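Next up: the structures, one after another.
Consider the two complexes below, in which chain A is the common component and chain B and chain C are the respective partners.
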Partner chain A sequence: MNAPLLADVLFWLFAAGSVLSAWRVFRADSMMRAAYWLFASFVGVAGIFLLLGAEFLGFILILMMAGEMTIMVVFMVMFMMNPAGLNPMTMVHQHRTSIAVGVLAFLGLAALALFADFPAAPVADTSRATAELGTELLGGSMLVFQTAGVTLLSTMIGAIALASVRGRYGDAEAGSTEPQIAPEGVGRGSHAMPAAKEEPEMDEHHGHLGHG
Partner chain B sequence: MSPVTRAVLGVVGLGGSLAVLIYLAAVLDRVIGHRVAQQPLRWSAALALPAREAARLVLQQRSRTERSDAEAWALAPALLAAAAAASVAVIPFGPAAAVADVDAGLALYVAAIALVMVAVFLHGWSPNSVYPLIGAYRFVAVTLSFQVPLALVLLATALPAESLSVSAIVQAQDGLWNVVRQPLGLPIFLATGLGAAFWGPLALPDADDLAGGTRAEVSGVPLLLWRAAQLAVLVSIAAMSAAAFLGGWRGPWLPGVVWLGLKTLAVLVVLLLAGHLLARVRQESFVVFGWVVLIPLALVDVFLSGILLL
Partner chain C sequence: MSLEALLVVSAVLFGVGVYGALSQQSFVMIMMGIELMLNGAMLAAGAFWAYTAAGQPKAQMLVVVLFTVMAVEAAIGFALVINIYRVRKADITEKLKKLKG
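The block that comes next holds the complex of A and B.
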């Protein structure tokens, strides 16, 4: 098998795999499956990057998406009112709008693929894609990328500050203590540790327990 | 050679040497465990032990759980093994001789280590059971704390080589190994490597306090595969330590492959010893340690390596 034919076979494998797994994202009824089908789709795209000679971008895409999809699973589980996210749930809703948007997006991309004039610029075997990318990042486009980098960093620091236990609006645990089940502070949950410390004496506890 | 022949040869060679190294790692683990417990084991017995255990697991009944995600559960050990194999593929065993001698070899290695997280998460999520799920979440919580310093100290080794190719990194250690040139590198890589292989002190997703964590519900062949794949990740960490910090295939008299094997085994012994001697670290304190100590130290390593080159 010669190399161009092999490249063609691999391209169609990656492309078909990418589209198939993207379709599976919306057929899955589990958040974990949906997220990792999307990851599989990205791995297909990364494979096409490799075929184009952009090794670094391909591997970095897999590296970033492995982390991002896992974090997406965890966040989806946290946001959905679904115990540990283990119950099945559907990934499709607002059918009419999404069908319309999907058809429009497909037509737009198909028109682009058919009518756009793509340049035929084969890359030489000797070109050092990673070195060129590094020169671009730290040369001509340095200001753009550094600005984006600083913006992202400040966003991350802001998010950490908002989520931090010692946030500027006080203790993050403050609103999260369990409600009292019985009156007079009997049967408080373990989250109420600061409040429990304020209890004057152990004897008092015994007294309450006696009543309860 | 045609690309297909090369690919077949590469896969067979990689699989074979990885299988041998996994078995050796299992034997060494038993030997070290018995030495630490002051009950020395005869080598003949030690050599047979992993095979006996494997045979027992092959014959063992597979446990099932209610409403598990069977496909993802079956995929997890395969994905872990594939990630380990892909990461080992970039390690050169001679001048410009690796199964996958790619330009961005370090990026491939780090991406493969990131796939370990996906495999562990699938393994913990799929059984639909409490302890495995906690193990999975725990691994997601600590992953970034070891992956970032691991990637940073590896990047520092790429600076003197002026290339992300692992072959070039070994070539650049002509005369002076990176373990001397970048003294912070190897200790940080080994500490974070234990996290990547979730081994010993950093066996957080599969910890004993979670009744085995993600493997609490696994038995039989899937358990055997999972443990072998985990050892493969450990072997990959040892092999990368040898290549990136200990001069790889460089050494006098003996052929390069032998030197790489000896160095890999030496690092493997250190990692296995750590598994038997060090206590398990709690995930909270490890995350703090990772972000407050390991990542700044790794950045210092990168800066120092850069300054040395100016």
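The block that comes next holds the complex of A and C.
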């Protein structure tokens, strides 16, 4: 078997595997399995990257997704109902509309892919893509690279701020809880809050009562 | 393997992602739909690097930026799910009807 044919066969295998596992993500009975199917879909795309000659991107994609999907699986076990998939699970809304929009998105993008006129400038076979990308990352595109790093850092800080129990001025959820109808509910989260801070919240409750 | 075939595969991935993001009720499943859309976008960007950019490494930078987008989406998504679960005990979109006012 010559090399281009082998590459073609591998490409269609990866593509079919990626698409099939993408479809299985939303058909699995357990969300944990859905996370692993999603990982399989990413591995298929990473395989296509390797075939294209973008080795660095392919392996980074696998590494990143392995970590992310592990977190997702732990998440599923912690928070979601039915993580083991013992019961059939279909949790969908607006199903027909979603299918229609998905098919429309596919048809639009596929028509663009088939009928648009793209410049033909393929990568040379002798390309040293990984070395060139490394030079680009720490050379011409260093600003992009650094900006990505700073963005990730601020994302981490933001995620911790969102997910932490205690904020700087009391409970993190103090500002985002629904107003309580009953006056007993006013004392929520007061242990971490000075008394003066609670007054606006109390006013809000009275206002709510007045409306009701 | 050609540019058209790669783009059609990425379009399928994007379409499945759109379907998932719109149809699923669970927050994390919606995130999975969004990640599938990004997966298709990454495949398209990689295909454009390989077939239309004459191997310029700048085109691969686009995929690196998409990696960043995906990491940010996942981190903020997980944090928001934790926050909503803690505050409202909600894990599916239907439990958040209060947003309608």
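A few comments on the model shown:
Following the convention adopted for this analysis, the second predicted complex is superposed on the first by the 140 of 212 C-alpha atoms of A that agree within 3 Å, B and C clash if a C-alpha of one lies under 4 Å from a C-alpha of the other, contacts with A are read in each partner's own complex, and residues count from 1 in each chain.
Note that a residue touches a chain if its C-beta (ideal position, glycine included) is under 8 Å from a C-beta of that chain, and two chains touch if they have at least 3 such contacts.
No experiment lies behind these values; they were computed from the predicted model shown.
Set against each other, chain B and chain C touch different numbers of residues in chain A, with C touching more. Of the two partner chains placed around the shared chain by superposition, chain C is the only one that A:Ala121 touches, whereas chain B remains out of contact. Of the two partner chains placed by the overlay, neither chain B nor chain C lies in contact with A:Val150. Once the two complexes are laid over each other on the shared chain, residue contacts for A:Val74 go to chain B alone; chain C is not touched.
Of the two partner chains, chain B is the only one touched by A:Phe39; chain C is not.
With both structures placed on the common chain, the touch criterion links A:Leu6 to chain B but leaves chain C unconnected. Of the two partner chains placed around the shared chain by superposition, chain B is the only one that A:Ser30 touches, whereas chain C remains out of contact.
Within the superposed three-chain model, A:Phe59 lies in touch with chain B and out of touch with chain C [touch as defined at top]. Once the two complexes are overlaid on the shared chain, A:Ala129 sits against chain B and chain C alike.
Once the two complexes are overlaid on chain A, the chain A residues touched by chain B in the first and by chain C in the second are 56, 60, 71, 129. Note for the complex: chain C touches chain A at residues 1, 3-20, 22-26, 28-29, 32-33, 35-36, 39, 42-43, 46-55, 57-58, 60-61, 63-65, 67-68, 70-72, 74-76, 78-83, 85-88, 91-94, 98.
Put simply, chain B touches chain A in their complex at residues 2-4, 69, 72, 102-104, 107-108, 110-111, 114-115, 117-118, 121-122, 125, 128, 133, 137, 140, 143-144, 147, 164. Those residues of chain A that touch chain B in the shared complex are 1, 3, 6, 30, 32-33, 36, 39, 55-56, 59-60, 62-63, 66-67, 69-71, 73-74, 84, 86, 128-130. By the touch criterion given at the top, residues 7-8, 11, 15, 18-19, 22-23, 25-26, 31, 34-35, 38, 41-42, 45, 48-49, 51-54, 56-57, 60-61, 64, 68, 71-72, 75-76, 79-81, 91-95, 97-99, 101-103, 105-106, 109-110, 112-114, 118-124, 127, 129, 132-133, 135-137, 140-141, 144-145, 148, 151-152, 155-156, 158-160, 162-163, 165, 172-173, 176-178 of chain A touch chain C in their complex.
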